[in-house]
Amino acid sequence: MRMRTIEISVGLFIAAGIGALFLLALEVSGLSLRPQESTYKVYAEFTDIGGLRVRAKVSVAGVTIGRVSKIGLDNRSVKALVEMQIRSDIDFITRDSIARVTTAGLLGEKYVDISIGGDFDVLGEGDYFESSQGALNLEKLISDFATSNL
Amino acid sequence: MPDAIAKIDPGNFVEIRGLSFSRGDRLIYDNIDIDIPKGKITAVMGPSGTGKTTLLRLIGGQLKPDAGTINVNGQLVNRLKRKELYLLRERLGMLFQSGALFSDLTVYENVAFPLRVHTDLPEPMIRDLVLMKLHAVGLRGARDLMPSELSGGMARRAALARAIALDPDMVMYDEPFTGQDPIAMAVVVKLIRSLNEALGLTSIVVSHDIQESLSITDHLIIVAEGRVMGQGAPEELREVGSEFVKQFLLGLPDGPVAFQYPATDIAQDFLQESGDLQAQGDSKESPHA
Amino acid sequence: MLDFLQRLGRNNLARLSALGRAGIFFFQALMHVPSVQSIPLFVKQLYAIGVLSLIIIVVSGLFIGMVLGLQGYYILVAYGSEQAVGQMIALTLVRELGPVVTALLFAGRAGSALTAEIGLMKATEQLSSLEMMGVDPLKHVIAPRLLAGFVAMPLLACIFSAVGVWGGMMVSVDWLGVYDGSFWGNMQAAVDFRQDIVNGVIKSLVFGVVCTWIAVFQGYDLVPTSEGISNATTKTVVYSSLSVLGLDFVLTAVMFGDL
């Protein structure tokens, strides 16, 4: 009889532990049980990415459409090369769209914002943005301002 | 790897040859030979602290000797591989000084434990065997008690039932009489005797209770100071034994084993001590001076 | 001077040999882990180690989550970003406090009990009598306890974190009036399943192995006297806590840093 209560409570314990893990996965990290959405990769080169990190969001008009998947340095152009994964259903990023590294709020996180242009050609897997705008470097801005005024 | 199979005298169950064992810097056994005859009760006796329990652990293979061989029923214990050693131990029973019952199991489960681990017997048969063993030690009615509810004597009897659960060839008793009231002691004495006869066991009793041991033993071994002081039938030893054996068997306070712990000459000791204190007193004062 | 060097050498040799013994012990015990016969023993140990630690884990998790909610709110409200409190609570719990505090409580609650239990079995010759019965105590006593510890720790850590998040939500959303949509939204945007939760579980698994190993070895290796048992119990708690904190730094550096 005693062994039975022990077994039941151990069973409950394991169930509670696994339940807690599921809760953490679904509620806290927002993991969806649906299969991973299909994405395609696009690239952009920036003169300066500021504090942009891998996993930062990529958005159009403030709506998240993907995330930064890799950050590297292009050896020839000596610019930052950012790889982004965009959801497949977002198939209207035109070739003349501008990728811009911006900041959420004054001190918030860096993310990539895309302004859609008017070209007929759209970006596909492995394509590059033609124009981009790096992060706003406050210090550089101030020093430019100071030297030009003197 | 030398072969672990060896010849043994058919009259003996255990043969120990040239055994040396030391713990740290202390030599416990120095090149001793011991025979344990088959089917008899052998008492190993000696003053406290001479390593009688160590001898049982050596025979059981829990300790490895520094030199010599321990032959148990044709197998050299100190050369067996781990697995073979565990197989051999299933044929040996040991009664520990404290009983060593598993404190989280009932008396019944304690006795059933070796059966459950080593055999595939069906539950009804295990039950019959356990009740038989418990009946033999007079604890059939106490089967549902926990070890913490037993008195010292009952715990030892329950442990004895567990030790004989697998019908071993040999049972080793580690200080079975220590800390028992006279009645419980008499019960244990009777049990050792009757089990030995009923099951055809070889028994080794380690003890320093002379009267109880002499009343049941067929073969007596006296160890002290790392050596075997006497070996043989009790009557024989009492007659022809050395001074030490006589002192031990009669329980005299002084003799070859001196009453005093080894020390320097008493007169010198007292004189020196007062001299030392003087010197200490001097050195204590000198830094302040 | 020479005396000092000798003492230093002797102490370190003793420590090294203890470490070696602990390693051999660990691997010998692990060899015995898979066995059908030992499932009831394993369940019993899981009860003693896991279920009996549940109350302290749930209560501590709840209060730590509530305190995080309170403190986080008062710090963040000064910047007008109190919606981020959810992300702060969740990340702190899942990455750090969940595994670490669970391991510390585990060492104090279950680890010390394991050491004392095995030590007492040694002192009362139960381990010896198992050996003399032809039953390997590593298999029968040690292996089920090790395995139960490995399994219990990650489960306890998950329960701790989940209860903590719930406690933090109770304080910040229900009492302090943070908008619950942004509470959960920010949290889900910031917490990544693989990066944060899986790494947290891996941490607690490592802590589980280390804490149980220390506890069981201290019990098995102790001097079988009442003083030896109390010394070993203290050692279990101290060594486990220190190893958990030290390992936590190493693991964090490897998992979240760019080392």
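Going by the order they are written in, the chains are A, B and C; count residues from 1 in each one.
As a convention for this text, a contact is a pair of C-beta atoms (placed from the backbone, for glycine too) under 8 Å apart; a residue touches a chain by one contact, two chains touch by 3 or more.
Computed from a prediction, not measured in an experiment: that's the story for all the values here.
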- Message: Please identify the chain lying most centrally, where each chain is represented by the average of its Cα atoms.
- Response: C
- Note on the structure: Looking at Cα centroids only, farthest away from subunit B lies chain A
- Query: Just how far, in Å, is the C-alpha centre of subunit C from the one of subunit B?
  - Reply: 42
- Which integer distance in Å separates the CA centroid of subunit A from that of subunit C? 34
- If you average the Cα atoms of subunit A and of subunit B to get two centres, how far apart are those centres in Å? 74
- Item | Of all residues in subunit A, those that touch subunit C in their complex | 3, 6-7, 9-10, 12-14, 16-21, 23-25, 27-31, 55, 57
- Query: Mind pulling up the subunit B residues that touch subunit C in the complex?
  - Reply: 57, 60, 62, 86-90, 92-94, 96-98, 100-103, 113-114, 117-118, 159
- Query: Can you list the subunit C residues touching subunit A in their complex?
  - Reply: 40, 43-44, 46-47, 50-51, 54, 90, 94, 151-152, 154-156, 158-159, 161-163, 165, 184, 187-189, 191-193, 195-197, 201
- Message: Which residues of subunit C touch subunit B once you look at their complex with the stated criterion?
- Response: 120-121, 124-126, 128-129, 131-136, 140
